[in-house]
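Got some structures for you, see below.
In what comes next, chain A is part of two complexes: it sits with chain B in the first one and with chain C in the second one.
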Partner chain A sequence: MKKIVTLILLSTVVFYACKNDGPSGPDVSDFDRQAILENWADEIIIPAFTSFEKQTSRLDSAGVAFTTEPTMENLKELRSEWEDAYISFQHVSMFEMGRAMELRYRDNLNIYPTDTAEIQQNIEEDSYNLELPSLNNSQGFPALDYLLFGLAESDSDILAHYTSNTNAENYRNYLGDLTSRIDELTSQVLNDWTENYRDEFVQNSANSSNSSVDMMVNDYIYYYEKNLRAGKVGIPAGVFSGTPLSTHVEAYYHGNLSKTLLKEAIDASQNFFQGNHFNSTGKGESLESYLDFLNTMKQGADLSELINNQFLLAKSEAENLDENFSMQVELDNSKMLETYDKLQKNVVLLKVDMLQALNINVDYVDADGD
Partner chain B sequence: MSLQKYFNKQTNAAPLAVFRILFGMLMLGSIIRFAANGWIEKLYLEPTFFFSYYGFEWVKPLGEFTYLLFLICGISALFISIGYKYRMAIIVFFLSFTYIELMDKTSYLNHYYFISILSFLMIFLPAHAYYSVDAYKDEKLRSQNIPAWSIDSIKLLLIIVYFYAGLAKLNSDWLFKAMPLQIWLPSNYSLPLLGDLFQQPWTHYFFSWAGAIYDLTIPFLLLIKRTRVFAFVLVVVFHVLTRVLFPIGMFPYIMIASALIFFDSSLHHKILHYISRFTKINQQWFDNARNYLFPNQIFKSISVGVITLFFAVQILFPFRYTMYPGELFWTEEGYRFSWRVMLMEKAGYANFKITDSETGRSFYIDNMDFLTRFQEKQMATQPDFILEYAHFLEDYHRQQGIKNPQVYVESYVALNGRRSQPYINPEIDLTTISQSLKHSNWILPFQDEIKGI
Partner chain C sequence: MKSYILPVLLILLSTSLISCSTNSNDEPDIDEPATYNFTRNGESTVSFTGQTTRILMAQELFSAMSDFDNSTEELLLEMYRNQTAEGGDADPYSNSDLNSETKSVKSKVAASRDYFSSNASLSAELKNNFETWLSAQVNEVFVNENELAEPGKAGQIASGSSTRYISAEGLEYNQMVAKSLMGALLADQMLNNYLGTSVLDEGTNRQDNDAENTAGASNYTNMEHKWDEAYGYIYGNSADPQNPNATLGSDDIFLNKYTAQVSEDADFATLAEDIFKAFKRGRAAIVAGAYDVRDEQADIIRKNISTVLAVRAIYYMQAGKAALSESSPAYGSAFHSLSEGFGFVYSLQFTRVPGTDQPYLTHQEVEGLLDDLLGDGPNGLWDLTPQTLDEISETIASRFDFTVEQAASN
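Coming up: the complex of A and B.
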């Protein structure tokens, strides 16, 4: 018995002795994860959805105005609202949790390339159920992109689809259904955040694999890797197919929006990382400040600094791209690949270094560890 | 005491009977828990690709029949517990459980391996000679005493597990950097009392050192009669703590229950007495003062021989890493099946590139097309996974019409809080490398040093 006591005392002495030689760990003061969640919910996610919901409601109104009175003026108005809403969407697309996850919100709003054959079929038959997952790729922003910009070469011919075409009424109905569905889904997600999910989200600050921080970070990285890096740049650049796919760019029919959407999405991702308040200069607790707190100094450079730099590098590389990514991949794909490369480097920093520093698992399977 | 004498030494059968009952119950509980968590579906039905152990490529999930496999495993666990058709039950359990573990390397856990080899060992032990349905029915089997070595063999296995786990902790990362506990502990901030302590470096060092000392000394503290009760208290505290801190499943309960085997039979009689009160089993029925006799001399010789060989392997196998160059934590050559439990934190990322050697066209793979996130995570940090997946990608793209696909990987791994480093040589076409147990020279060297065992 005495020996054990001696042993424990000895070990106590040893670790005290080692303490001074060891690398410095986190500060003594506790870091409050709940503060991160509050900042995310109250200053970023809910404001972003609130702002986006205003846009989708304007989009829907413009849709109603156009379908009741299909004039060139109303078409242009609707196009402009669509553009604003699509840009605004880049700030909420990554938050696929709560009601958004149940609805599979992002899949309903932004799967591209859109299925034009299916859209035409839906319009012709005038019967469809947009809630079916199989119709995800014939609705949302990309479907509207096609209906507003892609039906014909000239604007007057496009307008003719809604006025003189034999199926003009079906075209109008379908268009109206799409704008109202975007708005309706967005309202559902926003209402859930403000009425229920916000508190659930903030209070779930424990450290299980289904805690809010873990889920949010997983979602965030998934979005960055799959939707931003691959969807907006990698897939059109042919990274996964070997040959560029110029029809797979975001806002393909519009033609001059893909770069704007990419830059907006990079900004939104970096803002989230830094904890910048939505549409204001304020700043709160974030992944950045959490990493700084954990003081993960790596090879002389701070991890959060490395990640921020990589965001900036990706953005400045994207500056070199044409507004129209379709053109870019056809004329000079190397610049597109360069941008991809810069985005890709941050996947490693976020997914490997950051997750390790934060001790977050990259999977939802709550399986046992050793 | 001569060896001959030792092998003839008899001891009371109660400890092994209690061990059998608890083992069966815990295994049944584990299987039910596994199924209830939906893991059968998530781990064995949903994925389209499974990682195999070298030499066991033929072991794959059985589709819907996988449920049946778990059912068989669960029922055999129940039979073990009540001691009904014990030999058959333990053989079926060993085979079905091991088959389950071999189906996908992704879910490898040291404690699954422990269960596998423990159940193998138990095939050769007369755990059903006392307080079992078999012994109740069969007077020839019923024995109050069994060979002492049968209980000692379980003790020896536990000693190996703890002691080797302790040896593995004697490395510079664990002892002098408090890694990986420095990463793991702070995220348990929400625990009352401990949560705040876990933010402090001295706590990380304390837990690292205490953990290493615990693993190295606990088997001996359990062996010595004077320290046994104290040691058992430590066992309970240690394992309950790991249960609270880490997603470690049933393992802590299994180890706590197993540690009871170190106590002498008076404790086990109390346990059996307690069980008897509820089940109305007449314990005296089994106290026939008989020594267990093996069915025949050949079976006895085989048992002793197999067990001797088993332990020789168990003692040597964890040291096979010494035959490989390079840092063990980095290459993981000889890492598994060696009681390296909760020893390091590794995260990785692997980006595969397919090149059509005829056209020169190349493209990258979206791992999510083929792997679950859990599989992707495991794959990215372990070279044998990366190679197996590369070969799968080769076959897949050959079927897709690429005559001669080459597979390259750009990969990064972060080990124990170090900055991520390139992992696999990106210049090497992985299709030119075949799976083997030889050293993998296509792993890039580790840019740091970890000293120790």
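Coming up: the complex of A and C.
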């Protein structure tokens, strides 16, 4: 009996010592989570989708104009709208929740490399159902990239696919179906935000794994890790495969847009972290202010400052890259790897240090299973 | 205070050490090697080529079930039977070594001595389950390759960034086949055939083993070989079969893989090591003629392999529950988990309670659970409720010495 008492006493001492380790500070639940959700929904997410939806609508109009009258001028106009929309998309891609999650919006709009064989087959047969998950990689921005820039070497040969090619009508149909689907899906997501989801999102402000803050933060970090760090830089640089994959860059057929898209995505990620209002100078509650409220420190420095610095370091490293990432990985992949390393450091700060401070659990795992 | 605790702990420690050592002194000496390396006259006595072959056949069958462009019902059935429909020689595999084999997957499904030697009708029924699923993959799923699945309609569904192909009830037949084979082929042959005394001690096996009479032209005794054949069903495709745990998890998609996965759960951390040690010690005991030690090791393996199947069954039931409970249910990933779970539940009828001739759940009980899984409404998994998944999980866990939470936490 004495032994047991001793052991119990001993473990109490040990536990007490553990519990008493850190300095006491503000608690995560003291922060106004609803204020953060309002800022996200009203000043960032809905404005970003509103702006993007204007772009997709212009893209679709340009698609209609070109398929009705396939001239070089209309092709160039369509390409330019595609470019603007693709850049604008970088500001909404991370918000895969609500209707976007149900639609698997991001997978419909931006899986690359695109499946050119399947695109050609769809055009050949003039029969396809773009709602099928197996056709995710033959639609969206990457498929348009191929159809607008990759069908042939010269612009006149590309245009000929839509005019004199035996399947010209099928080419026009497919292109038009892709631009209208991007616009249609985007309208669905935006309308759901403004009509239903905004209130549900803001009111779900508790401190639990199903709350909006926890879900949004998980989606944000998932996006940053998988789509930004890995998709835009790590996969083409061969971080996961061992050898560089120059055909796996974003906007491969365009050739000079991958760097622009990366920088835009880094900016969008940092803006979200800082709570900056979309396309304006205002600022509200954010992950940054939440961390500051909690006085979160790492190795003697403010964690929010470390994260902000890391965004800037990643961006300045990216400045050294060629506009064309495909060229970059072939000529000097070490610069891509440097950029990757800078981006990776923020995965650790966000996913480990920040989540620990905010008492949020990661709700996704790396593997998709078999 | 410190001076008082230390002696107490030391006493406690030594007591537990004493109570652990139960060696009796009348055992023959067992010479246990560091790895699964057994020799006679300088040559290895270990052989399990038949098991490696069947693992490779089953893996090809699994891949072929997703090959929409090249697979036919005829081809899948030939891969299962390694015979044509007329019973002639078939060459269905891409690996030519497999084509030259006369062995097949089907002949060893539900075919163990202990469970099926006097139960031919059940054996035939279970063998046919797989043929039904193979045919359905072609006749229900392949034909709807380019359809969107919905309740009551086969087709494709997204699961994360993957595309899955499901039946009208939401089931992936390829997952059901692969995971069900783990019980019906691998565990059944291992636990209820080769590790059973009716096979190990058959005929003059004991006398032959004691006298080191090797079998025909082989370098092993019959008993040694039977034990090794059990070993081959988990380590038969290992990079280094003498030290298989070095690459455990990456050598096949069956027991090897899932033993590794379950061992990653802290609640079952020693499981992979326990299984390998028991195989090694049991084999050394055969060499030493220590048959009671051999049978103790067989029971350790039975308990732990059964645990792998049960933990994974519960794990997938709970993963399915979590996906179905999301604010907008993630049907694709739920159905994927539940199709794997279906196979693991199916496999439980081939488990073995140590010291008995019984599975942890009988054939009838497993059938009942699978009916429950698909029975919440007319459209199978589409209608499934979280409550049913909890009931199935609890039923399984109640037969083992772990909880649903422990199994689900991997």
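Keep this in mind: the second predicted complex is superposed on the first by the 336 of 370 C-alpha atoms of A that agree within 3 Å, B and C clash if a C-alpha of one lies under 4 Å from a C-alpha of the other, contacts with A are read in each partner's own complex, and residues count from 1 in each chain.
In this text, contacts are C-beta pairs under 8 Å (C-beta built on N, C-alpha and C of every residue); 3 or more make two chains touch, one makes a residue touch a chain.
Please read all numbers here as calculations on a predicted model, not as lab measurements.
Applying the stated contact rule after C-alpha superposition, one finds that A:129 touches chain C and leaves chain B untouched. Contacts of A:73 after superposition: neither chain B nor chain C is touched.
Of the two partner chains, chain C is the only one touched by A:102; chain B is not. After overlaying the two complexes on the shared chain, residue contacts for A:319 are found with neither chain B nor chain C. By the touch criterion stated above, A:210 is placed in contact with chain C alone, chain B being left untouched.
In the superposed model, B is the one of chain B and chain C that contacts more residues of chain A. Residues common to the contacts of chain A with chain B and with chain C across the two structures: 3, 7, 368-370. Within the complex, the chain A residues that touch chain C are 2-3, 6-7, 10, 101-102, 104, 107, 111, 129, 131-134, 136, 210, 368-370. Contact residues of chain B toward chain A in the complex are 37, 39, 42-43, 107, 109-111, 175-178, 182-184, 186-190, 195-196, 199-202, 204-206, 208-210, 213, 217, 221, 226-227, 230, 246-251, 341-342, 345, 347-349, 351, 354, 356, 361-366, 368, 372-374, 376-377, 412-414, 417-420.
Within the complex formed with chain A, the chain C residues making contact are 4-5, 8, 11-12, 146-148, 156-163, 253, 327-328, 332, 336-337, 340.
Only residues 1, 3-4, 7-8, 11-12, 14-16, 18-19, 21-31, 33, 205-207, 209, 226, 230, 234, 238-243, 294, 296, 298-299, 303, 344, 347-349, 351-353, 355-370 of chain A touch chain B when the two sit together in their complex.
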